[in-house]
Structures are given as structure tokens and as C-alpha cells.
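Note that chain A is present in both complexes that follow, paired respectively with chain B and with chain C.
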Partner chain A sequence: MSPSLAQYNRRQFSSALSYVLLIAGALLVIFPFIWMLLGSFKNIEESNRFPPTIWPESWHPENYAQAWNAPPSTLGRYLLNSTVIAVTGTTLQVLICTLAGYAFAMLRFRGREVLFLLVLATTMIPNEVTLIPNFVTIRRFPLLGGNDLFGAGGSGLYDTYIAIVLPGLAGAFNVFLLRQAFMTVPHEYWEAAQIDGCGSFGYLWRVMTPLTLPTLLTVAVFGFIGRWNGLLWPLIVTRSESLRPVQVAMTYYQTEFLTDYGTLMAASILVTLPIIVLFLLIQRQFISGVVSAGLKG
Partner chain B sequence: MERITRRRFLAGAFSALGASMLAACGQQAAAPAPTSAPAATAASAPTSAPATVSQTGSTVKIEYWHRIGGDSAKLLETFAAEFNEQMKGQIEVTSIAQGNIQELNQKVRAAAAGGGMPGAVMADDYDVTQYYASNILVPLDEYINSPEHGLTQEQIADILPNQFNRHKLAIYEGRTMAFTQGFSAFTTFWNVDLLKKAGVDAPPASWDEFPDHVRAVSKANGGVPGWLIGGAGDRYISTLKTYGVEWLKEGGNESNFDAPEALEIMTWWRALSDEALLAVPQESARDAFIAGQSIYFMDSSGNTARFSKDVKFAWDARLPFQRNTPKPVTETYGPVNAIPKTSAEQQLAGWMWIKWLLTPAVHARWAASTNYFPSTRSALNDAGLKAYYEGNPTARKLVDEVAPYATILPPSPALTEVRGQITANVVNDVLLGQLSPEEGQKKLKAEADAAIKRALGGA
Partner chain C sequence: MNKRYLIRARSCARVARGPLPRALNKFRVLHPCLPLLLHGQGSVHGDQASGSQRDQRMETTIRAAIARSRREVRRTSGWGGVIYILPALIILILFEFWPIFFNLWISLWRWDVGPVAFIGFGNYQRLFGEGFVTRDYADRIVVGEVLESLIVTVYYVLGRVPPTIALSFVLAYMLFQGVRRGRAALRLAYFLPYITSSIAVAMVFTWIFNPRIGVVNAVLEGLGLPPQKWLQDPIPAAKRVLQWFQVGGLESWPDIAAGPSMALVVVIVYSIWASLGYSIVIYLAGLTNIPSDLYEAARMDGADGWALLRLIVWPLLKPITLFLVIVNTINAFQAFDPIFALTRNSGMGRGEAGGPLDTTLTMPVFIFRNFYERSNSVGYAAAVAFLLFFILLGLTIVQFRILGRTSYDQ
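Right, the complex of A and B next:
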């Protein structure tokens, strides 16, 4: 066998091995989704059976109708709420964190480093610790929801979309992420922009944003997913079903002793679908952002 | 680059700080002064006729927070609608699902700090102890005994004594801090087919005979495990109770894990574990039992709902085995209702609601929907509940054989940690051979006592 043929065979074998490993990895990742999809067509008896079946013995597409109609005011209302919460929350979060990140990266002011360290230090406070103080802040928000100037007399922002969205808009980790991204842009761009008559906002919008788009999209996707999957905080600051997000609706499918996994899986498919679509739409930028930011799952 | 001047920066920063402080440091908004006495204003029949609850003439609106999902959550909404119709112009209840046990607990704690407590709240037994320690509940005795709004002697007699007194405890200074709404209990389930194959007609009479019994049945069935345990800490403490030993000593300052029975249980558990006859599986012990992969399963009586649908072999259930107990005992599970401190009107409305939930026809529908034991005897006469038990006869049997003997574990603010973490870890270590039973008992005693001391405010 000539050396070139041997090299060719080695490359082929290496390539085939890579594909086998990648396919195995992909199957491993995709299996829970396939399981969820197949499970969504099983009836309550089959979905609770042990050992479980993989392929449904009989198909029950009506699980989707049941999943849609099971929660009060149908799953549609909760999906709409989650969309409102995730879209507005993520938009505001990206806006606020971009401005903060830009300020820490580009503006010079006394105490900048100390302030930035203080912002970073907030990442070390567990969410559980801030839960009750945040709730108190929401309930006693002055001059809203019947409250007076001192936050007494009413319910503040309790049971509003704002209450769900407000905490976390200025997430320290996202500020850090964006600051790092802005700092990678060469300073010469700013000098050139100044010569062209660009101010800070113009530079941020016209130059920085396009150059750091992958990082911005990463922040947006993580923010969107976090809000889409949020359960405890929305539960705590709402009472009206008309405001509650889709993860709250998911709790209606579970009972203490007997869960209809078929319906639960159907609901999970409906709830997961928007996230999958979002990811497919921006996967290239998202992966680029994750790689450039040095993140991993 | 355009510079932000120090003045502009400081002005912005102080504005933001001021707004935050204004929001955070407001006065206590919606935490009304705690009240205890019912605001009884007019005579009415205790259960059916609308009572005068409002002192101003307007409808008293309250929320009822619970942790129930599925159809039973919808049933609670139906109940609220029916109650509101009966109490039109007096009380209006909104039933709100608040997630699971932990999420509901978080919500109650947040509301206790920030205001907006509900008129009534569902709680698990050990939540009640924590809420009592936080001083956010009202005692129910004055409501129960109120001539206008309380319970008649007939109604009190209708409630199972172990449920009526479930939260009338010494640690509450003898007061009643929560009201029953159905319950379940620690129950023994077994695979009748596996026993028959071993030529055994019935389970053993007591724990003493249990190890040899499972050895024999397992041997006749190819080595199938005797008992797969779901939740080592929970089951160990439940088993200790059926040995006639509560996990906590009188006074509540020290655990009982130095009792000889605690070592005895650990010793035979370890012996069976070494023989692969007892284990805490990674996967669901319940699913393993349903699949015929263990002889026994010991857990909530509520499991009959699933077993009656899913189990393909002959199975049965009974009171857990006992040892040295003067009368049978088992552990109560399931939620209770409590009334948080709000206003006198709201508290009374809350009481009227949780009392109404125990009226026979309503309570029977609740028991049929949740598979909880009914807390009242009269509910058993309901045609709907009778029909339900025809489809789940084991559940009906357990109403007679298990329900009367169920009591809660001695409550303590440390119980969640002692049971869910300390006991679970130590028992697992013993079963895996990392500790001897003697070492396990000593470690369990030391760590549990330290946790109790911490929870009671000690070092």
C-alpha cells in the first residue's frame, strides 16, 4: 500500500470514527426530546407503566387537546403571558446591560473599578436570599398599586407583569459579559468614529452593537430561556391566572399520586417548541457568542 | 469620547439609590395587626346558612392558597364557586394554586414579610410548625368553639379524633393551629403473587418476623428484593414510629435516636442490605414495585390510586408492621388548612371556608378526587365516595385498617433537615457499608441533636 493510500485510509477511518462519535453524542442529546415526543402520544396507563415502552402501543393525539385545555383559561393564555414576559424582559435586560457594560468598558469615571467589583459581587448572592427582599420591594413600591409615598396602603406592583419582569433586568453576569465583549473592540474604532462626528450612543449603536452581536444574542437567549422557564418568582408575585407564565401551568398536570405523563409530555412539547424555534433561528450567532465569551453549558 | 461628568454621574446614582430606598423602606404595607378572636356578629347555623361575617356590610374577599394540581385543583375552584354562591354577599373565596409544597411555603414566607397573606392556606404538617414559630398563624380554638360560627358537638364527633387533634399540640401550648382536610398514612403494600409462589399466605405479624419472611419469599422468587425503599430518611423515621418510638424526645430538645430500637432497625436493615434484599434504589421504588421487582413497598396510602390502575399482579395493603406498640400506630401524611394572621373579618371568612370544606358532601368529593382518607365519618356515607371505593376497594379497606391509627411525627423546626438530610445520609451510609450500624446510630444521634439545637436557636 502506498503511503498516500495509507494516509487516505487513516483519514477516512478517523473521519468515520468522528461521525460515529458525533452521531452517538447527538442521539444522546436528542433522546430525551424523542422520549418526550413519543410519550406525548401515550395514554395514562401506558405512560405510567414500568418498565416503560418506547414506541406507543396506541396513539393518542388527543393528549395535545387535553394539554391545551387542562389549565384554567387554557395553555394559550399562559404561552401568551410567557411570551410577553420573556420578550419585554429580555429586551429591557439587553438594553440595560448593554448600557451598563458599555459604561464600564468605555467611560472613564472615578470609582469605576470599585463600582464594577460591587456589581460583580452581586453574582455571589444566591437567589434564595434576595427572594423575600425583592418581594417586599415589589409589594411596597411607592405610589403604585394603591400604595402611598412610603409604600403603604396597597399592593404596589404585586400581580403585574412589571413585578415578574423587574428583578434581574440588570443582571451582573450579563453586564460583565458585555463589558468584556466591548473591551475587545480596538480603541482605534472609537477614535475614527469621533472624527466622523459620532457620540457615545451613536458609536454604541452603529459600531459596537454590530461588532458584539453574538454576545448580545447570547445574553438575549439566556435571558429569554431564563424567563421562559421561570416558576418560583412569577408564582410569588402574582395571584391572577391571567398573568402567570407557562411554567405555572405545567404544575396543573401533576398530582400527588398519579400523573398523566402523556398529557404532561404533550404540554412540555408545546412549551418547549418556542425555545427550539428561537434557537434554530439564531443558532449560528448564539454558538459564536458562546464560543467568543468562553461559556459552556 | 463624550465624558460623563462626576456631577451627572452622582446625580444619577443618588436618584437610583433614593428610589430603591423609598421602595424598600416603606412602612409595613399589608401586615394587619394580628388578631385572634373571631368577629362573631350574628347567629347562624354552623354549616349551611350564610353567616354575618362582614362588619361593614360588604363582601369579605379572601384568597385560599394551596399546593394541589390536576383535577383536584379544579375541584377546589368549583368548591370556591359553590361556597361563594352559598355565602353570597358575605364571603368570596378565590382558590389559587401556588405550586408544590416548597413553592407554597416560599410564597407564604414572602407574604408574611411583605404583606398580602391569604385568608386561608393549605400547609403540610411541618410547615405549620414553622409558621407557628414565625407567629403568622391564628389559633383555631376560638373559632371551633364559637357559638355562632364554630362546630357543633355532633360535627366534632364526626371528625376522626386523630385528625381533629392533629395540630392541637403541646408545642402550640395546647392550642389548635391547623384544621384537617383529609389525609393519607404510612402503609405497607405487598405483592401477593410473590408471597403465594413462596407458599406464604400473608405478611408477617410483626417487624420481628419480617427479615426471615423476606428471605424465604425472595428465595422462592429468584432473589427478588424484599423491600426497595423510597426515601431512606422518611422510611427510617416512619419505621421507628411503628416500633413505638418517636424520633423526638418529650420536650422537643433532643432526638430519640439513642433508643435501642433505633440501632435494632439499622442492624436488620444492614443485614438485609448485605444480602441484597433491601436497598434504596436510584430509580423510583414505586415503579420497581409496580414492575414486580420488589416484594414490599411502604409509602403513602394514597398510592392505591395508581396501583389500582397500573399494577398487573395481585397486591394488597395493610397497616405497617408493628413492634412493642401498645396500640397500632402509623404516620399521617397530607395537607391541613391554617388561617394566617390578617384582619378579624378575613380570619373569620377563612375559618368559614375551611370549615365548609369539611361538610360531608363536599369532603366526600374531595376524598374521591385526591384519594386522601376522609377526615369525617359521615363522608363515607356519600354515594359518590362509595362508588369511588368500589373501583378502589383497597383504599376503602385502609380507611378502616390504617386511617384510625395515623398520627403526625412530633413536630420540630429541625424535622425537615433531620429527616431529609441527616437521617437519609446516615442510613444510606450504613446500608452501603460505609458505617457500621453502631457508628451510624451514634452519628445520627449527634447530628440530629445538633440540628435540633440549631433550629431552637442554640449554638
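Right, the complex of A and C next:
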């Protein structure tokens, strides 16, 4: 056998081995999702059997109805709350970060470098440090929610949508990402836009945003998923069930359906499905967005 | 390539960079990821790129540089641009910068719903005093709660980060080298946990690892191994494993010194599962950026797969590895959701996250517990948060030093 053929065979073998290992690994990674889906159709007796059955013996789609109607408020309500939080929060965030990114990329003004440094520096501040003071800030927000000028008397912004959404609206990393994206737009566009009588805001709105749509989309999807999956902050700053998002509700379900894994899994599926659908719709774009966010910025 | 062309390009780039990168250079000392953000894949390309590729890249660089230098001088309109950044700036100052000082202020108080009493450094005395070394019911000297939490955090980080890096590198390399068809589908499968990981998805892990009915115990039984109590087991995993094989050695060790508890191991497994996809995708992008003629050249020289991996792929991916180590370490130090989701109902204690017997009580969960679930200890929680802040800051600087030693622009 010639050496090149041996090499070829070896490569074929290693490729086959790669396939086997990768598929086995992928099945292991996907397994919790499969278990979740199959489990969501098992009744309480079957889900508590040992050794467990893989394929449900009898199918119980009523688990989904039960999960939907779970106390203290229906799952629909929590899904609605999460949607409101994620949509408004993401929209405002994209807006605020676009404006800032544009200014840092294109406009020249006093103190720009210092301010940009300031913005970048916030990426180093861990959540744990801002958690407690931000809670107090929300609670003692002056002149709102029955508070006086010094933040005493009422509950400030505590237990409002604003409290959930407000602190995360800026996102230094998004500003950075958008600035980088805006800087890649060729200058000729600006010259052409000027001839057409475009001001700097019109240029941003009419020319820049369509050209940097992939980055804007990445920022938006990141923001949406982060808010949909977020738990700690909404848990802390809310009390009413009419405001709390699904992930907080899941913590009640864990207690409510302690051993009724079928219903618990049905709830998990209902909560996770929107994200999976969203991700599958734009996965190629999203993954390249993650890469550019991680590597190039 | 024409040399004058090159010189012109460099000067253009210098003009285009203007004053901003000077300021950024100062900042690089502080921020670990910035060199990577700024130079990014340039290090992967290095100077090994082929002639035509290099020409092309140079051309784009020049174009971008010229465009930027023109843009830079376009506007000198005083404070005009500030209006654009004002919303972002107000939020960042109010909810990112101000909290650092406010946190310090709160940590000087005994604080419940509001301030109760100013106690100066009382919280810090408690933190570094009984928080580090204390006496138990039998008057023996034992590890205090803060130190214990710190050790648990370190176990968690060390248990999570190196396996994530190693696994993602191997998987990404196999995806890149061995797979032609189906790469996108496989990548999708590995990436799915990263975007869906949340309380909702963590629930299924409490079922899979349930000591009574969990599928993992069913598999163990099938293999003839003893079933485990997983999330309800505060005993160090190392002790449990030694028990299986009936070897002695660790019995006399205190539990906190013998490694992560069984419960923490499950949390680590979940965290690796949830964060693996991100690192794979980043590695895969890095691998795709290595010019293919490099492989060909090495193959011509008779390099086999292993040599290729060791001499070309690994060194070229080093900056990416360091980036991933930093990002994963910082994320692991700050992780809250996985622990909260998996350990809240672990069946012991009061149904608080961090159990059983506080063996999964990492620092973020410790802060949350004192802040949210205990009375009168908000100030104490703020003091611990400050400690975590400085640990992360120190870690970041140390990692940057290591990072700084490896060259980016070769």
C-alpha cells in the first residue's frame, strides 16, 4: 500500500470516528430536551416510576392544560408579562444603544474619548455589586410611587415594569458592537446623503440602520433572549403576579408540581418554545452574530 | 506588494486611529478582553496569510482607514453629539457607576429594608473575622461561612471552566476536521442549550438526577454501580467515588477540603452543558480563520494529524483560548441561575438555594441569601459583594498579565 493511500485511509477512519463521537455527544446534549418533551406527556404515576420508561405508555396532553392553568395566575399571564418585558426592553435598548454607538462612531464632540472609556469600563462591573444598590435606588426613587424628594415614604419604582426594564437598557457591550458596525459603513454614503440634504440623524435613520441591520438584529436577539431567560432581577424588584415573568413563575411551579414531573415539563416546554422557535428562525445570523461579538466586536 | 503602498497604508491607519486608541491603550491595562476585541482575528491571520489574501486585506484596511480619517474630522460641533449618548450615559451612571459607591455606603450600615444603624467597618469585621474563621458548637476552630462560600466558588469555577474549554476545543476540532456534511446541524445541537438555559430548562435536570426516580440512577444501576443522591448529597464527590471502589484515604479529611460535593458536581455538569455551545462556536470560527494553505504546507512537510494539531492549530488558537478562559471564568464566578434553579428544592434545610448543607453556596448565592432571605443583613451582603468585586478585579488583572505576555500582533 502506498503511503498516500495509508494516509487517506487513516483520514477516512478519523473522519468516521469524529462522526460517531460528535453524534453521540450531540445526542447527549440534546437528551434533556428529548426527555423534557417525552416527559411532558407522562402522567404523575408514570413519571415517578423506577426504572423510568422512555416512551410514554399513555399520552397525556392534558398536562399542558394543567400547566397553562397553574396557580397563582395562569401561565398565559406570565408569558404575556415576559413578552411585554422582553419586547419593550429590547426595543428601547436597541434605540438607546444605536444612538450612543452612532455618536461614538461618527460624531466628534468634546469628551468623547473619556465618555467612551467610561462606557467600556462598565463591562467590568459585576452584577453582584450593582444588585443591592440598584434595588435600593429603585425602591427609593425620588418623587415616584409615593416617595418624597429624598426617596422616603413610598415604594418608588418597586413592583413596576419600569423597575424590571430600566437598569438594563444601556448595555455597554451593545454600544461597542454597534459603534464597530457603524464604522464599517463607507464614507461615500455620507457624502451622497449630504447632497440629498440629509442631517446627521436622518443619515442614521435612513442609511446607517438599514446597512447595519445584521448587527442590530444580533443586539436585539441577545437582548430578547436575555430578558426572556432572566430571573434574579425581576424576582427581586416585583411582588405582583401581574408583572412577574415566566422564569419567576417557574420557581412556583417547581414547588407546586413537586413530583408531577409531567406537568412541570409541559410548563418548561411552553416557556422554552418561543425561544427555540425564534432561534431556529434566525440561527445562522445569530451564531455569526455571537462570533463577531466574541471576537471582533 | 509595493512598499510605498504599505507605508501609506500605515500612516493612513495612524491618522485614522486618531486620539481614541491612545486612550484605549491606557484602558487595555485594565480590561482583559480589549486587546482581543481590538485585534481580534488579526492574530489568527498573522502574517502567514498568502500573498493575494494579504493584498486583499491590506486594500480593505486602507479603504477603511481613509474613510475613517475623513470621518474623524467631519464634525467639531461642541456638545452636539452628547445628546445622542445622553440616554445611555444616564442609565450607565445611575445603574452601573453610582452603585459601586452606593454599595460601599450600604456596606457601612446595618441595613434591613432601610438603614438601621451606621456601624462603620462592622460588616467587614464580621466578614473577615467570623466569616473566615469561627468556632463550632464543640468549640473547635472551623472555616467560617464566607471562606466556605469562597472555597465552594473556587471548586465551582475550577470544575466548570477547564472541562468546558477542553471539551469545546476537542468538539470544535472534530467538527472542523472530520465533518463535511451535517456540520451546521451538529453545531446547532451543541448550541441549543446555550440560548435556552434558564430556570425552565434546569427543571428537567432535577428530574434526570432525582435520587429516587432519575434516569441517571437507572443507568448507574444498569451498569452495576450504586445509585447516588446527587443534588441532595452534601458529601464530597471524591469521597463517594472512593467509597465505590472501597479504598480509604479521604475519610479523615474535613468535607470542605475534599473537593466539591456531589450536589455541586451536578450543578457543574449542568453549567458545562449550558455554556459549552458558546465556546464551540467561537473555536469553530477561529479554526475556519486559519488559512487552509497552512495545513497544506504542513501536510507536504509530512506532518500528521497530531503534529498539525500541536504545532499549528493549538498555537494559533491560543488567543481565542485565553479569551474563552477569561469569559468563562468571569461568568462562572458570577453564576447564580444554575445554582438557584437546581438546589432550591434539594430537600434539606429551608428550601433555600445553596443547599444541601451550603455545599453549593457560591458567593453570588451567598449574597442573594443575605440580601433577600435574611433580615438585617443587607449591609453584610453588600460587604461580601464588594469582596467579590475585588476578587474579580484582581483575577481580571492577573489574567490580563498572562494575556499580555502572549503576543497578539505577532
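Before moving on, here are some points about what is shown:
Operating definition for what follows: the second predicted complex is superposed on the first by the 234 of 297 C-alpha atoms of A that agree within 3 Å, B and C clash if a C-alpha of one lies under 4 Å from a C-alpha of the other, contacts with A are read in each partner's own complex, and residues count from 1 in each chain.
Definition applied: contacts are C-beta pairs under 8 Å (C-beta built on N, C-alpha and C of every residue); 3 or more make two chains touch, one makes a residue touch a chain.
Fair warning: this is a prediction, and the values are worked out from it, not measured in the lab.
Of the two partner chains placed by the overlay, only chain B lies in contact with A:147; chain C stays clear of it.
Once the two complexes are laid over each other on the shared chain, residue contacts for A:102 go to chain C alone; chain B is not touched.
By the touch criterion defined above, A:266 lies against neither chain B nor chain C after alignment on the C-alpha atoms of chain A. Once chain A of one complex is fitted onto chain A of the other, the partner contacts of A:118 are limited to chain C, with no touch recorded for chain B.
Of the two partner chains, chain C is the only one that A:246 touches; chain B does not reach it. Shared-chain residue A:287: touches chain C; no touch with chain B. Of the two partners chain B and chain C, it is C that touches the larger number of chain A residues.
Contacts of A:79 after superposition on the shared chain: neither chain B nor chain C is touched.
In the superposed model, A:158 makes contact with chain B only, not with chain C. In the superposition on chain A, A:190 makes contact with both chain B and chain C. Residue overlap on chain A between the chain B contacts of one complex and the chain C contacts of the other covers 48-51, 103, 106-110, 131-133, 135-137, 190, 200, 231-232, 236, 251, 253-255, 258.
Against chain A, in their complex, chain B makes its touches with residues 1-4, 6, 9, 20, 22-30, 63, 68-74, 77, 94, 96-100, 103, 106-107, 109-111, 113-116, 284, 287-288, 290-291, 300, 302-303, 305-306, 309-310, 370-371. Put simply, chain A touches chain B in their complex at residues 44-45, 48-51, 70, 72, 103, 106-110, 131-133, 135-142, 147, 149-156, 158, 190, 194, 199-200, 203, 231-232, 235-236, 239, 248, 251-260.
Chain A contributes residues 10-11, 14-19, 21-23, 25-26, 29-30, 32-33, 35-36, 39, 47-52, 96-97, 99-100, 102-104, 106-137, 166-167, 169-170, 172, 175-176, 183-184, 186-187, 190, 200, 225, 228-229, 231-232, 236, 246-247, 250-251, 253-255, 258, 261, 264-265, 267-268, 271-272, 275-276, 279, 283-284, 286-287, 290-291, 294-297 to its touches with chain C in the complex.
Those residues of chain C whose C-beta lies close enough to touch chain A in the complex are 19-20, 23-24, 26-27, 30-31, 33-34, 36-38, 40-41, 63-64, 66-68, 70-82, 84-85, 87-89, 91-92, 94-100, 102-103, 106, 171, 174-175, 177-179, 184, 186-193, 195-201, 203-208, 212-215, 217-218, 221-222, 273, 276, 278, 281-282, 285-286, 305, 320, 323, 327, 330, 333-334, 336-337, 340-341, 344-345, 351, 363-364, 367-368, 371-372, 378, 381-382, 385-386, 388-389, 392-393, 396.
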